[in-house]
Each structure stands twice: as structure tokens, then as C-alpha cells.
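Below, chain A partners chain B and then partners chain C, in two separate complexes.
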Partner chain A sequence: MQGVFSQVAVMGSSGMLLCAMIVLWRRGVAAYISAFMWQSVVLGALTAAVGYFGNDPQLYVVAVLLFGIKAVAIPKLLRRVSQRFTAGRESAPYVNTATSLVVSGLLVLLAYAAARPLEAVADAPTRAGMPLAMGLLFISLFIIISRKLAITQVIGFLMLENAIALLAVLATYGVPLIVELGVFLDALMGFLVMQIFLYDIHGTFSTTDVDVLERLKH
Partner chain B sequence: MKAALLLTGLLAPWAVSAALSALLRGSPRLAGRLTAAAGALSLGAAAAIWFVVLGGEVLVAGPGDLFRADALSALVAGCIAAVSGLAMLPWAGIGKDQADRDRARVFRIFGSLFTLAMLVAVTINNVALMWVAIEATTIVSAILIPLHRSKASVEASWKYILIGSVGIALAFAGTVLAYFDFVSLLGRRHDALNWTLLMDVAPTLHPDVLRLAFVFLLVGYGTKAGLAPMHTWLPDAHSEAPAPLSAMMSGVLLAVAQYAIIRWKAVVDAAGGPAFTNQVLMALGLLSIGIGALSLVRQQNYKRLLAYSSVEHSGLICLGLTFGPAGVFASLLHLLNHALAKSMSFLLAGRVLARYSSAEVDRVSGLVRTMPATGPLFAAGMLALMGLPPFGLFLSEFLLFRAGFTSGHPVATSAAMLLAGVGFVGLAGHLARMLHGPGPDGVAAGERDWWMLAPLAVSVVAMIALGLLLPDTVARLLGRIAEAMSI
Partner chain C sequence: MFDVAGIAVEIGQALLSLALAPALVGFIRWLKARMQNRRGAPIWQPYAELRKLFRKDMVVSRQASWVFHLAPFVIFGSTIVVSLLVPVLVTPLPFNAVADLFAVVYLLLLGTAFLALAGLDTGSAFGGMGSSREMTIAAISEPAIALAILSLALAAGSTNLGEIAARTIARPSSALSPGHVMAFVALFIVMLAETGRLPVDNPATHLELTMIHEAMILEYSGPYLALVEWASWLKLFVFAMLAGNLFVPWGLATSLAPAALAVAFATTLVKLVVIAAGVAVLETRVAKLRLFRVPELLAVSFVLGLLAVASSFSLR
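For the complex of A and B:
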């Protein structure tokens, strides 16, 4: 039983990491949105699995919320935004695809080094997934700084939130429910405001390439 | 009972103000007055909390001790209530046309929510809910930055919400790591993230894990506190936001982020000693002072000058935390002084901008003659920010540097003094150009709405009082915090 639990945790984490790498590999925003959606589906399923193996029914509530907000509602809104803006391709990111993939590999290695004190302390069967969650966190940050479209940056940010949710569920079987609800509220509000700003940027600059955002320097 | 009453008095007025501002669409004058009254009520409660806490009492209220106010909460809550109360006065005026009135209404709604989120952040016991409140401050304040929509303000608001949200997300990762350490030792408990419990068990936690957590927390909350190198959003957001919002963001939002850093530093120090946290805080502090001061020299926009001065002062506050109890004392005094001086300066900068229609230093001249009351007050605010006597910032900087030398950090302290000197020269040069000379053509001379300046004159008096005599009520409160911080 413990062995199965541990394998589920590692597989789920690896799957989420892979979804993040799709953003570095592909160029079309539609593919990014699908990658984020599938990442959220895996996160929701993994949360439910941890709830089942770890015997914590509260996590089912969290899993349902995750699924509803991150796998259904937000991808839907993202698709609507990207259809409104015609240029749905990340044509010239700051870092090219090959380099990006090498960097992401290095970031995962770094994550294994950074997570060593955590693994030394943890005794949960899920602990093998924790470095992967840390790796996902670093890769999401890398997506945000290396890509040019504002919508890609938003997707990177959403993946960063997924990484932290993954870390929380693996390390502690989730944070207390009241905190979880607060985090969901913030995540949803934050995304809605970002979405408004995406429209603002497009309305003001007629593009969402953040290269145009350079009026304010120094 | 008393605790519940006082904390309700502190928080509830802003919730009511937000709701009423949303409902009273048809009567902007009444809504404006109600918001001002809410500010006064909240400030009164903050003052009462200050005095109760001074006696050594800790206020605890709510289900599961949800809210808790000690000396540190009282200090920051006092700053927030004062600065927000001031900033939410009808600075924009009721407005002549409908668009102006709508903007004022949106500002009252989200400004009240912004203040509420900041006050909740400093009075809540649970460190994860504190994070939720601080993240909420990013969201509601971001909505207000492009109140006057322009390319620059849209750009500033985008950078602010993206960098702010990413930074603060990392702080949550740090919170999760600390919670993980707690859970691995003591099991899952619903009150595990309560600051009081965390402090109690801190000596038994793993220093290694907490150090990793602290790195995430410092990068996260440091982003909100405007510490270099995560400060890049700050000059844009603070200069493009409407003046009263800049006053709140620069005056007290930075202090709220510093509050979170101070809280976590205490936990990490209790687990593994202060050596590690002091090292990283000192590095970020010095870098912020340096970048802030050097930017002051070459900056040509007076709102951005004020913003970079915030980076510098945020760095000083951060540095002071590493100088032992005397340093913590000086640091928190600096936080209080900076809140007063910076909020006032931003509000006055808003008046100057309205008159001269330009935020460039070169376009503003003869300020003393053109605006005979605003000009001298603005000069007082800037001189205070330079750290000149008789203003409070002089005293706190002096105490901070002295604590640096006596706690055995002569090199870091000298470097900070040198950089602060560079910042001084930068600000002084720009200020002199703005104040003197003939006013430009087409800018009317004379002062309108005199009564608006009265509260700011009170700010100046308070800054001088803090510089010359350091009232006993303030000194004792700061002493209490410094004592609680030194383990």
C-alpha cells in the first residue's frame, strides 16, 4: 500500500513537471493552455489520491475546488483571452527552445540539491515527489522570465501556484482548510485582475508582447 | 471582550466604508464623509490598542484566537490607520464631472479594502492567513494603479501585479516549508500556523529546513518590501499610481511586508540563532540602500525620486534589524518616521503634479512662490527623507548607525552611511532646483483648498516631535518589541 502511494506521488509530480516543459518546448499559446489544464487535472487527481491514501477527507474538497477552478474555469477564460488576441504564438522568446530545455534540466538538478534538507526530515511516503515539486517551482519561474507574451507569463504564474500546491500536498498532505480556502480566493481574484490587465494591455498597446512595456525605465 | 471591541473598532470601519462606498453611488459627498469618519474611528481604535499594549497586555480575540495584537502589531497598525486615514480624505476632490466622481468612488471602495487587508495582515495570528491578507493587498491595490488609464500606468500595473504575485507566491512556498517542518515533528494541527505556537516550538524545529524556508520568505516578502534586487516594480508602481495610493503603498504597504519579515526572522532565529538571517538581511539591506541612493542621483522625475527613496529606506530598516536589540529599536522607529514622511511627501507631490501637469523635476521651479503652503511643506517632507534634523528620520538613522557600530559591524555601517550620504546629495540637488527660481509661464500662483493641508501640517509637527523628544509612549512600545525580538 505504502509502495503504491509513493509511486503515485512520484508519477503525478513527474507528470506535472512534464506539462511545464511543454510550455518551454512548444510555441503556440493554445498548447500552453492545454498543458496547464492537464497539469491541473493531474494535481487534482493527486490531491484526491493523497486524501485517499492519507485518510484525509478534507482533501477531496480541495481536489474538487482545484478541478473546478484550475482545470475548468481558468483554462476556459484563458482560451477566451487568447482567441481575442490574434497573435497566439510565442514567436521569439528571450531564451530559445533548446537552451530552455537544457536550463530546465539543470533546474531540476538544482531542485534535488535544494530539497535535501527536506527529504532528511520527511518520513511521509510522498517525500520522493518533493524535489520534483521544487523543480516545477523553478521551471515555472523560468517560464515567467524567459517568455515574452503577457499571457504566457500568466500561465507561468499559474503553474507556479500549482507547484506550491503540489509541494503542500506532498509535504504536509495540504495546509489547513481555512488557509486553503483563502489561497483559492486570492488565486481566483488575482487571475481575474490579471485577465483585466491583459485586455488593458491589448487595448492600449494593440499587442500583448511585453517587449512594448518599456516606457518606464530607471 | 475589550480585545474583541478594540480589534473590531480597528478593522470594521474599513469594511463598512468599502460597502457603503459601493452602495451610495448617488451621493458621493456623503460617501466621502463616511470614509473619512471610518478612518478617524479606526485611528482611534489603533491609538487605544497602542496604549493597552504599552501596559504589557496582548490582545487576543476571535474563534481559535484568530486575531492577536502585540506591540509590533500595534506599531504597524497605528502607522496604517494614520496614513490610510490621511490618504482616504477626499484628495481628488468630489470632482466636477461624472468620470471624476466614478474614479473617486472606485478609489474609496478599493482603498478601503486595501487598508482593511493591511490591517488584517498585521493583527492576524495565523502566518498563512497573514500571507492571504498580504496577497490580497497586491490584488486590490493593482486595480487602483491604472485609475487614470495611460500607457505608463497600464505598464506599471502589469509589472506590479506580475512581479508582486510571483514574489508573494514564493513567500507562500516558504510558509509551506515551515509548516512542513512543524508537521513532521508535532503532527497536523489546525493551529500549527499560529504565530504564538510557532514561536513556542521554534527551538525544537530543524534549522536547516527553516533556513531554506526563510530564503523563500525573504525573497517573497522582500519583493513586497521593495528590497533590491526584487524592487524593479516599485518605482513604476509608486510613480504611476494616484498620489493617495502611492502614499499608502510607499508609507505603509512596505511596512506590512517588513512586519512579515520581522515575524519570520524571530521564528528562524529561535530555531537556529540569528547568524544566517542577519547575513542575508544585511546583504539585501545594503544592496537596497545602494541601488536606492544611486538612483536618486540620476532620477529626473520627482515621484520616482520618492519611490527610490523608499527602496533606500526599506534597505535601512532591513539593515537595522541585524544590529541587535538597539538596531531593532532604531529600525522600527525608522519605519514609523518613514511612514509619516513618505505618505506626506507623496500627497504633496500629487498637488504639485496637479498644478504643474508634469512629474519632471526640470519642469517644476519656483515652487515656494507658486504654491506658498504646499512648497514649504513639500520641502519639509524631502528634508526629513534626507535624514536632516530636527526630523524623526535623523534620529532613527543616527540610532541605527550607532547600533551598527556598537554591535560590531563597522564596515557594513560605514558603507550604509556613505551610500545614505550619496542619496542625500542626490535629493538635495533636485529639491533645490524645484523650490527656487521663477515659476514657469502658464502655471497659476496661489494656493487652493487650504484646509487640505492642515492634516499634513500635523504630520510635520509629529515628525519634529519624534526627532526632538522621542515621546515616552513611542520609546516604550519600541523597547517592548526590541525586547521580544532578542532571544
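For the complex of A and C:
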């Protein structure tokens, strides 16, 4: 049972990590949105699985909320935003695709090194997934700093959020429901604020490429 | 353990690989045609192609040197040797002692290198272009495949292919470990790249701008062409067997009992059908990548291999 639990945790975390890598490999914003959606679906399923194996019915509620907000509502909003802006392609990121992929591999190795003390003190069967969650965190940050379109950066931020939720679920079987609700509200509000920013950037420069923000200096 | 039965099974396995390889390619083509609403040639079409080519005369360029004549035999021979080393039906084979991960990877590379040399040899423009592309791809895909199998080797504690398969049979839960799954995806991508399948090279066309494998063998005709083609089909078969029998080794016989061999034969066929279906679906769904995107795809495979190694290392 414990073996299966730990296996499921690691599988789920790897799946989420791969979804983040799709953002580094593909160019179209539509693909990023589906990658985020699938990542959230996996996170929801993993949360439910942790609830099942860890005997914590509260986590089912969290899983349902996760699914509703991150896998349905936010992707829908993202799609609407990306349809409003015509240029839905990340044509020239700051770091090219092949290098980004290699960097992401190195970041995961770094996460393995960084999570070693964390793994040593944890005794939950899910601890094997923790380095992967850390890796996801690093990769999401890397997406935010290496991509040019504001919408990709928003997706990177949302993935960062997913990474933190994953780390919480793996390390402590989730935080209390009330905190979780607060986090969801925060994420949603943050996303809405960013959406307004996106519209403003697009309205001023008629592109969401953050490079053009340089022009504000003159 | 050089017993007669073992050697017989070993040789039978190589002959079986040789016999099944064209059928595998024919099946993929047929399935692809069906999925694209075409009727498609029958599955045994590749056999007919081979028979036709072996009967034909050869036309050899006046500029061709001995490399051109040697290459088909080296390519065919090295691929057959690999098919002797990869577990197809039975896992502890008589030749198991040399069935090493690195031996397999570099024997495959030997064939690729000679194919590239043959492409350059006659001095035709297309051959050179194909060779340079093939070498670009081989240079990135070879470390990826080595990494992918290395992650299995780390989990099994041995780089021996038979040993890896035997360990996975003994510990079924390890087949779903993340390292295993990522290594499988990595190997699948490399398989597509190395055997000239769709996102990397289109096996169905001779379009000048995009062809890789076809460009290198453009100068070959008759029996030489048959040998080169057969070897490339055999290579696809070997990769399918690596993917099928190293990652999902159930059904593989661990003794030479006839019943176990029959089960192994049946499961091998099932695995081949599943892998062929996967390739056919993928080839129907995706378009060919631009050449400059190919290294990026192989970088994905490399990173997956790296992650697989990292996770098997930490879970050990």
C-alpha cells in the first residue's frame, strides 16, 4: 500500500513536471494553456489520491475546487484572453528552446540536490515526489524569466502556484481547508489583476511582448 | 552455457527478427493508410519489394569506391548482430555476456556511420546532404538513447540487457516508476529519429528538401538497396523490441521450455502490434518538424533521459 502510494505520488509529480516542460518546448500559447490545464488535472487527481491514501476527506473538497478553478475556469479565461490578442506565438524567447530544455534538466538536478535535506527529515511516503515539486517550482520561475509574451509569464506564474500546492500536498498532506480556500481566492484574484494588466499592455502597445515595455522609459 | 538448444533459439530469434521486420513496416504502412482513409498496400508488400529488388540488376556509379560496396554488408551485418543481442523471446541468451547496453548502442551507430559514408561516397549532392543531416541527428540521439537505457541499468544494477529485463520481471512495481516511464518516452522519441519516422523524417516521400534516410540511399539499387532497406526495417524492429522487452518485459520466456517460448512469441507479437499502432497514430497526427526543430525534439528526449537517470539514482 505504502509502495503504491509513493509510486502514485512520484508519477503525479513527474506528470506535472512534464506539463511544465511542454511550455518550454512548444511555441503556441494554445498549447501552453492546455499544458496548464492538464497539469491542474493531474494536481487535482494527485490531491484526491493523497486524500484517499492518507485518509483525509478534506482533500477531496480541495481536489474538486482545484479541478473547478484551475482545470476549468482559469484555462477558459486564459483562452478568452489569448483569442483577444492575435499574436498567439512565442516566436523568439530570451533563451532558445534547446537551451531552455537543457537548463530545465539541470534545474531538476539542482532541485534533487536542494531537496535532499528536506527528504531526509520528511517521513511521509510521498517524500520521493518532493524534489520533482521543487524542480517544477524552478522551471516555472525559469518560464517567467525566459519568455517574452506576458501571457506566457502569467501561465508560468500559475504553474508556480501549482508547484507550491503540490509541495504542500506532498510534504504535509495539504494545509487546512480554510488556508487552501484563501490561496485559491488569491490565485484567482491575482490572475484577474494580471488579466487587466494584459489588456492594458495590449491596449497601449497592441502586443503583449514585454520587450516593448522598454519604450516606457523614453 | 553454450548448449545446443540455446544457440538454436538464439539463431531462431535472429531469423524471426529478420522475417518479422518487413511485416512490422508493412503493418505500420497499412494502419497509417487505413487511418488516412486510404485502402493501403497489403501487409506483405515489403516482402514483395525485397523479392523484386533482389532479382534486379544493380547500377553503380562510376565514381563509387569500395566504401559504397562494403557499406550495405556492414549495415546489414551490424543490425543482425544487434538483433542477436536484444531479448526478443528469451531473456538469458547464450550471447548474453556481450549483450551490453553500450555494445548495442554503438553497433547501431556503426551502421548509421557507414550509411552516412556511403551517402557521401558517390559525391552526389543529395547523398552528402542526407549524410550531414543524419550525422547531426545521430550525434544528439545517441547520448539520449544511452541515457534512457542507463536509467534502467541504474535501477537494475547492471548494463546487461538480459539482466535489466530479468530484474524488471522480478520487480513488477519498478515498471511504473517515473524513471522507467520517462526513459520509455525518451527511447520512443529516439526510435522515431533513428529509424527515420515522421516528426523527424518522412519515410513515404522523396522530397529533396526534407529527406534524410532516402537521400543517403538514393544511389543504391537492386540487391544493395534491398540489404540497406531490410537493415533499416530491422533497426525499427530492434528498437521496438528494446522498447517492448526492456520496459514491459512480461511474457518474455526465462527458460527454453516450448510452452514459455510460445507465450513469449504471442506477447512479442502483441507488443509489436501496440508499438506499430502507436507509431501509426503518431505519424497520422503530427506533421514533419522543420529540420532546425529536430535538435529541440531530441533535446526533449535527452532531458527526459537525464531526469530518468536522476530519479532512478535517487530512488535506488
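Everything that follows uses one rule, which is that the second predicted complex is superposed on the first by the 214 of 218 C-alpha atoms of A that agree within 3 Å, B and C clash if a C-alpha of one lies under 4 Å from a C-alpha of the other, contacts with A are read in each partner's own complex, and residues count from 1 in each chain.
Please note the rule applied: a residue touches a chain if its C-beta (ideal position, glycine included) is under 8 Å from a C-beta of that chain, and two chains touch if they have at least 3 such contacts.
Every value quoted in this text rests on a predicted model; they were computed, and no experiment measured them.
**Student:** Can A:Met194 be said to touch chain B (first), chain C (second), both, or neither?
**Tutor:** It touches chain B, and chain C stays clear.
**Student:** May I ask you to decide whether A:Ile144 touches chain B, chain C, both, or neither, giving the answer as first, second, both or neither?
**Tutor:** first
**Student:** Would you sort A:Gln7 into first (chain B), second (chain C), both or neither based on which partner it touches?
**Tutor:** A:Gln7 contacts chain C only, not chain B.
**Student:** Is A:Ile164 touching the first partner chain B, the second partner chain C, both, or neither of them?
**Tutor:** It touches chain B, and chain C stays clear.
**Student:** For the three-chain arrangement built by superposition, which of chain B and chain C touches the greater number of chain A residues?
**Tutor:** B
**Student:** Now for A:Gly28: first (chain B), second (chain C), both, or neither, which partner does it touch?
**Tutor:** Neither partner.
**Student:** In the superposed arrangement, does A:Val179 touch chain B (first), chain C (second), both or neither?
**Tutor:** First partner only.
**Student:** With the two structures laid over each other on chain A, which partner does A:Ala128 touch: chain B (first), chain C (second), both, or neither?
**Tutor:** second
**Student:** Just to be sure I read the superposition right, which of the two partners does A:Ala120 touch: chain B = first, chain C = second, or both, or neither?
**Tutor:** A:Ala120: touches chain B, not chain C.
**Student:** With touch defined as at the start, can you tell me which chain A residues reach chain B in the complex?
**Tutor:** Interface residues on the chain A side: 114, 117-118, 120-123, 137, 141, 144, 150, 153-154, 157, 160-161, 163-164, 167-168, 171-173, 175-176, 178-179, 182-183, 185-186, 189-190, 193-194, 196-197, 200-201, 204-205, 210, 213-216, 218.
**Student:** In their complex, what parts of chain C are in touch with chain A?
**Tutor:** 173, 176-178, 181-182, 293, 295-297, 299-300, 302-303, 306-307, 310-311, 314-315
**Student:** Inside the complex, what are the residues of chain B that reach chain A?
**Tutor:** Within the complex, chain B contacts chain A at residues 126, 128-129, 132, 135-136, 138-139, 142-143, 146, 149-152, 154-159, 161-162, 165-166, 169, 172-173, 176-177, 179-181, 183-184, 188, 190, 192-193, 206, 208-209, 211-212, 235-236, 239-240, 295, 298-299, 304.
**Student:** Quick check on the complex: what are the chain A residues that touch chain C?
**Tutor:** 3-4, 7, 10-11, 13-14, 17-18, 21, 25, 97-98, 101-102, 104-105, 108-109, 112, 128, 131-132
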